Amino acid sequence: MAILNIRNLTVTFATATGSFTAVNGIDVHVDRHEVLAIVGESGSGKSVSMLAVMGLLPDTATVTADEMTYDGRDLLKMSPAERRKLIGREITMIFQEPVASLNPSFTVGFQIEEVLRINLGLSGRAAHDRAVELFTAVGIPDPEAKLKAYPHQMSGGQCQRVMIAIAIASEPRLLIADEPTTALDVTIQKQILDLLMKLQEDYGMALILITHDMGVVAETADRVVVQYKGRKMEEADVLSLFEAPQSPYTRALLSALPEHATGDRLPTVSDFFQEEPVR
Amino acid sequence: MTPVVEGRAITRDYHAAGGMFSKGSTVRALKGVDFQVQKGKTLAIVGESGSGKSTLARIIALIDPPSSGEILIEGKPVDIAARRPGPEMRSKVQMVFQNPYGSLNPRQKVGDVLMEPLIINTKVPAAERRERAQAMLQKVGLQPEHFNRYPHMFSGGQRQRIAIARALMLNPSLLVLDEPVSALDLSVQAQVLNLLADLQDELGLTYVFVSHDLSVVRYIADDVMVISKGEAVEQGSREELFSNPRHPYTQQLFAATPATDLDAIRARVERRKAARLAAEA
Amino acid sequence: MVRFILSKLLFLIPTFLGITIIAFGFVRILPGDPVLLMAGERGVTPERHAELSAQLGFDRPLVMQYLEFLNRLFHGDLGNSLVTKKPVLTEFLALFPATVELALFAIIIATVIGVPVGVLAAIKRGSWFDQVSMTAALVGFSMPIFWWGLLLIIFFSGILGWTPVSGRIDLLYYFPDATGFMLIDSLMSGQEGAFTSAVSHLILPSVVLATIPLAVIARQTRSAMLEVMGEDYVRTARAKGMPQRRVIGVHALRNAMIPVVTTIGLQIGVLMAGAILTETIFSWPGIGKWMIDSISRRDYPVVQSGLLLIAGMVMVVNLLVDLTYGLINPRIRAS
Amino acid sequence: MSDTTVKLSDAAIRRRMLAEFWFYFSQNRGAVAGLVVFALLVVVAIFAPLLAPHGAATQYRDALLLPPVWQEGGNSRFLLGTDAVGRDMLSRLIYGAQYSLFIGIVVVSIALVGGIIIGLVAGFFRGWVDAIIMRVMDLILAFPSLLLALVLVAVLGPGLTNAMIAIAIVYQPHFARLTRAAVMGEMEREYVTAARVAGAGNMRLMFKTILPNCLAPLIVQATLSFSSAVLDSAALGFLGMGAQPPTPEWGTMLAEAREFILRAWWVVTFPGLAILTSVLAINLMGDGLRDALDPKLKRS
C-alpha cells in the first residue's frame, strides 16, 4: 500500500544560462511503515524530488509528473491551502544542516511550540507540556531548560534531535530525512539513525531517507532507489542491492567502498561504467 | 632508521580572548601527543570533530607551532615559533587540505598554483618551472592543457588532484593530508585514494593522513592513532587496531561505523521483520 | 547582556577622547593665529595679543591646554560664540530640538515607508512593484537633496502654493518655547491654526531629509529579506507547514531586521549631514544651519564645540543602535 | 572522471571569463543603461571644447536669463537658456561634466589606495595594530561626512582641490573597513594557509594571494563612492565651500541660481538634473557590477 506514489517526475530549473533538468522521469513510491533510502552522489537530484513533494522548490523550478499522490490524493492538483494542511502535519521533513535549519532568533522551545499551537491547535500550556514530552522522546536531557535555549547554544546532534522532535510533533505518516547525519560525527550519526529507526517503528510512519552514504543505507533501509544525474539507476530491497546489484553504476558505487577493497587498488566508477561526459 | 617525522609530547593551547570583564580562558586542544612515522609509511590520525586532529595536522605541517613539545623532521628539531621555516624545511613537508573548493586561490591559474612553490623556494628558471608543472599535472592525472585554467573550471576531484600536485612540486618527503577525500563523492574518493597510493609507491612518500572515516583509514594506513579530546587514546599498526581495538573510545568508534557487509544487513533485516511481526501479534 | 552594554560603553571612551582631540586640534591646525581666530580680533597690538593669549590659555603647554579644555568640557563650558557672545552650549540647546524634530520625522517617514516597501519588493521579486520601487529607491539614493528641496519648493510652494518656503511656523503665531518641539509647543499653545502651520512647515523639509535614508532602508530591507529567505531555517518554517504570512512576518522578518536596524542607525549620521543642506534650503533654525553659518562667519568657538557635540551625539546614537542590535540578536544577547 | 578536455588557449579563457562577466552584467538592463549614460558623460567631458556652442564663462549681456529654446522668449542660440549674467546654460553644463568626472576619479583614487593599504594591514596583522587603526577609523566615521568635509574645507580653505581632499579623507575609512572585513574573511580560507605552506611571506600573502580576492566588493564600493563624491562635492559647491564661481561646477551653478528659483526654473533645474543623471548612471552601473561580481548572487 503506497502512501506516496510518484510517476515520471521531472524537475527543471531555469538558470541564467538556460534550463537544467535536475530530475528526469523518476518513479518513486513508499509504503506505509517502510524505510526507503534514496541514494546518489552530488548532482544526482536525490533531494530535489522530495523537495518537490514538500513544495519547497524555488520559483525557478518547473515540476511535472504523471502522478504525484499522497494517500490517493493528488498533490499536484491540490490548492496551496489544502497542501499546507498535509505539509508539516502528515508529511514532515528534516534537513542536512541541523544548526542552520533552526531559526537563530528564536528559542528552540518557540520553534516546536509554534508547530503544536498552529498545526495542532494546542494551547500555550498544553503545547509546552507536549514539547517537553517530545524532547524527552528524542532523548534531549533536561528538556525544560533546553526549551529556553537558542540553536547556537546547542550542538549539531542536539539540534538534529530538536528538528526530529518538531518533525514528529504531529505524529506524521511520512517523514522525509534529507541527509540527516551528513554534518555529524559518526558516533552522533549512529545515535541519530538509531533514534530515527526507533521512532519509525514506534510511530509506524513511513521514512524516506536521502543519503549519499552506502553505510547509512545498509544500516537503515528496507528498500533502496539509486539515482544518478537525475535518473533512476536501480530499485531493489536492501539485501538484494548489496548482494547482487543490477545496474553497473550501483556495482561501481559498492566496489568503490574502501571497506570492500580486496587488493591494493579500489575499483573506480569508470572501471564499470562509462560516465556521460561533463561539459 | 630515523623517522621522517616525530612528535614528542606535543601540546597546543588556545587562548580564548578575554572580554573587558572576563579573564581569557585557555583550552588545551592537544594534551601531549607522541608519534613517529617511518619513510614510505602512512600514519592515519583518526578522530571526530573537536578531537584536535586538525590542530595536530597543522603542527606537523609546520603551520602552527606547538605550545610545548618537539617536532623533529628527519631527526632534526624544528621550532617554527623561533624561526619561520625556510625553503629547505618547506621542501620537506607539504600539506593537502580537506576542502578542495577553499584550498585553491580562485584568482590563480592552475599553472601559477603549481609554480608558486618553485618561485618562492627555488631558483629554478621560468622555462623549467613550466615544464615541471606540466609534468606534475600529468602525474596526477590531469592534462597539460589545464595549465591556464582557473580552479572554478574543475570538479572537486580534479581540484584535489591539483592540490596534491602543488604539494608535490618541491619533492617533499612528508605529506600531511587533512581529510583529503571527505568532501568528495564516493566514486571520486576512490580515484583520489588510488592516486595517493600510487604516488606513495612511486615517490617513496611518507603520509600523515587525518580522517574521521575508519573505512578509508583501513584502506590506506600502515599505522593508526586514535585521538579523542586532544589525547591519543590508542596507537598501533592497522592490523592490530582493526582486529583488536582496546580502548573504549576506539570500540565505540567501531560500533558507530556503519557495517556494509551482507551478514550485518541480513541480520538487521531479520531483526526488523521479527519486530514487525511481534508488534502485529 | 549587562556585560555587553558595559563593554560597549567602555569602547566609547577612546572614541570620545579622540573626538575631543580632533575638536581641540581643529583650531590649532587652522591657517592663521589661533589666538586671534578664537578671540575674533584682528590686527591687535602685541600687548593685547599676550593678554588674549593668557586669557584663552594659549600661553601654556599644549598638553595643559588640552587638559584644561577637557576640564571645562566636563563642567559644561564650551566657550562663547564670537558673534552672539552667548555660551555655545546655550545656543546649541536652543537650536537642538528643531533639528531633532526634523530628523525624527524624517527617520520615521523613511522607516515606516522604507521597511514595508523593501519587504514587499523582496516577496514579489521581479514584479512590477519590485522594479518600480527599486528604481525609485535608486533615484532617491542618487538625489542631490539640495536640488530636490529646491524643486519641491518650486512646485509645492511656488506653483501650488500649498506649503511655506521657510521657517518652522508662521510669524503670526507666538508662544514661548516649552519643549522646543514646534509640534508639541503649538498644540500646547492652544492657538487656532498653530499646529497646522507647524505641520505644513515641517512637511517639505522632512520629506527632503528622508529621501536618501528612505532609499537606503528600502534597498537594504529588500536585500536582507532576499538573503534571509534563502536560509535553511526559512525552508524549515515552510516544511513545518507554517502559513506564508508567518514564514515571512515572523521567521524571515525577524532575522532580516538585524542588519536593517543597523542601517537605520547609520542613517542618523547621514541625517546630520543632510540636515546641513536641508536646513540651509528651508532656513530651518537648527544646528545644521547654525554650523554652516558659523563656518562661513568664522565663528570658530562655535564650530569647534559644535563639531564635538554633533559627533558626541552621533556616537550616543550609534551606541543605542548597538544595544538594540544586541537586544534583537540572541547570538549576542545570550552570550 | 572521464575528462573531455577541450583545448583552450589563454586568450580563449580570458574571452570566456569576460563573456561571462558581460553576460551577468547585461542581465541587468539598468546597468547597461547606466553604462551608456556614463560613457556619454565621459565623451562629453573629453570633447567639451568641441561640443560646447559657447565658452563656459562667456557672458552675453544682451541675453540675461533667457528661457530654453522651446519656451516663449527662448533663443535658438541658447538651447537651454542663459543664466543671470548671460552665460549659455548648455555650454556650462557640458564643461561641468569635466569637473564631476575629475572629482570622482581623484577622490576614489585617493580613498581607495589609502583604504586598501590601511585595511589590508589591519585585517592581516590584527591585534593592537588593528585595534588602533579601527579606533581611528571609527573616530572619523563618528562625524557626519559632509560636516567633517565642511570643517576640513574650513581649515584648508574653500576650493575644489581642498574639497576633493576633504571628501577623500572622509571616504577612506569605508574602504579601510571593507578591505579589512574582506581580508579577514579570506584569511579564514584554506588557500591562504596553503600559500603559507608553499612558503609565501607576508608581503606576498597580502598583495598577491589575498588582495586580488578582495577586489570585487572594493570595485562596487568604488563606484558607489564615485557617485557620492560627485554628490558631496556638488553639495560643498552649493554651500559655497567647494568650487568657486565662476567655475561651471554643477553644485556651484546651483548655488548661484538659488535666488532665481521662482523666476527662472531652468537655471535651477538643469544643473540638478545633470547631477542626478550622472549619479544615477554610476549607481546603476554599480548595481550591475555587484550582480556580476558577487558570487553569492551568481549561484542563485
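Order as written gives the chain letters A, B, C and D; numbering starts at 1 within each chain.
In this section, a residue touches a chain if its C-beta (ideal position, glycine included) is under 8 Å from a C-beta of that chain, and two chains touch if they have at least 3 such contacts.
Please read all numbers here as calculations on a predicted model, not as lab measurements.
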If a chain touches chain B and chain C alike, it appears here: A, D
By mean Cα position, the chain sitting nearest the middle: D
Reference chain B; chain at largest CA-centroid distance: C
A-C or A-B - the one linked by more C-beta pairs in contact: A-B
For chain A paired with chain B, centre-to-centre distance based on mean C-alpha positions, whole Å: 31
Whole-Å separation of chain centres (CA-atom averages), chain B against chain D: 47
Geometric centre distance via CA averages, chain C-chain A, whole Å: 51
Overlap residues in chain B, where contacts from two or more other chains coincide: 155, 191
Chain D residues counted as touching two or more neighbouring chains: 1, 3
Contact set on chain D toward chain C in their complex: 30, 135-136, 138-139, 141-147, 150-151, 154-155, 157, 227, 231, 234-235, 238-241, 251, 254, 258, 261-262, 265, 268-269, 271-272, 275-276, 279-280, 283-284, 287, 300
Touching residues on chain A, where the partner in the complex is chain B: 33, 41-42, 185-187, 189-190, 201, 212-216, 218-219, 222, 238-239, 242-243, 252-254, 256-261, 264-269, 278
Contact set on chain D toward chain B in their complex: 1, 3, 5, 7-10, 13, 17, 189-191, 193-201, 204, 209, 212-213
Touching residues on chain B, where the partner in the complex is chain D: 58, 61-63, 85, 87, 90, 94-95, 97-99, 102-108, 116-117, 120-121, 142-143, 145-146, 148-150, 155, 157-158, 163, 166-167, 188, 191
Touching residues (chain side chain C, partner chain D) in the complex: 14-15, 18-19, 22, 26, 29-31, 135, 138-139, 141-144, 146-148, 150-151, 153-154, 158, 230, 269-270, 272-274, 276-277, 280, 291-292, 295-296, 303, 307, 310-311, 314-315, 318
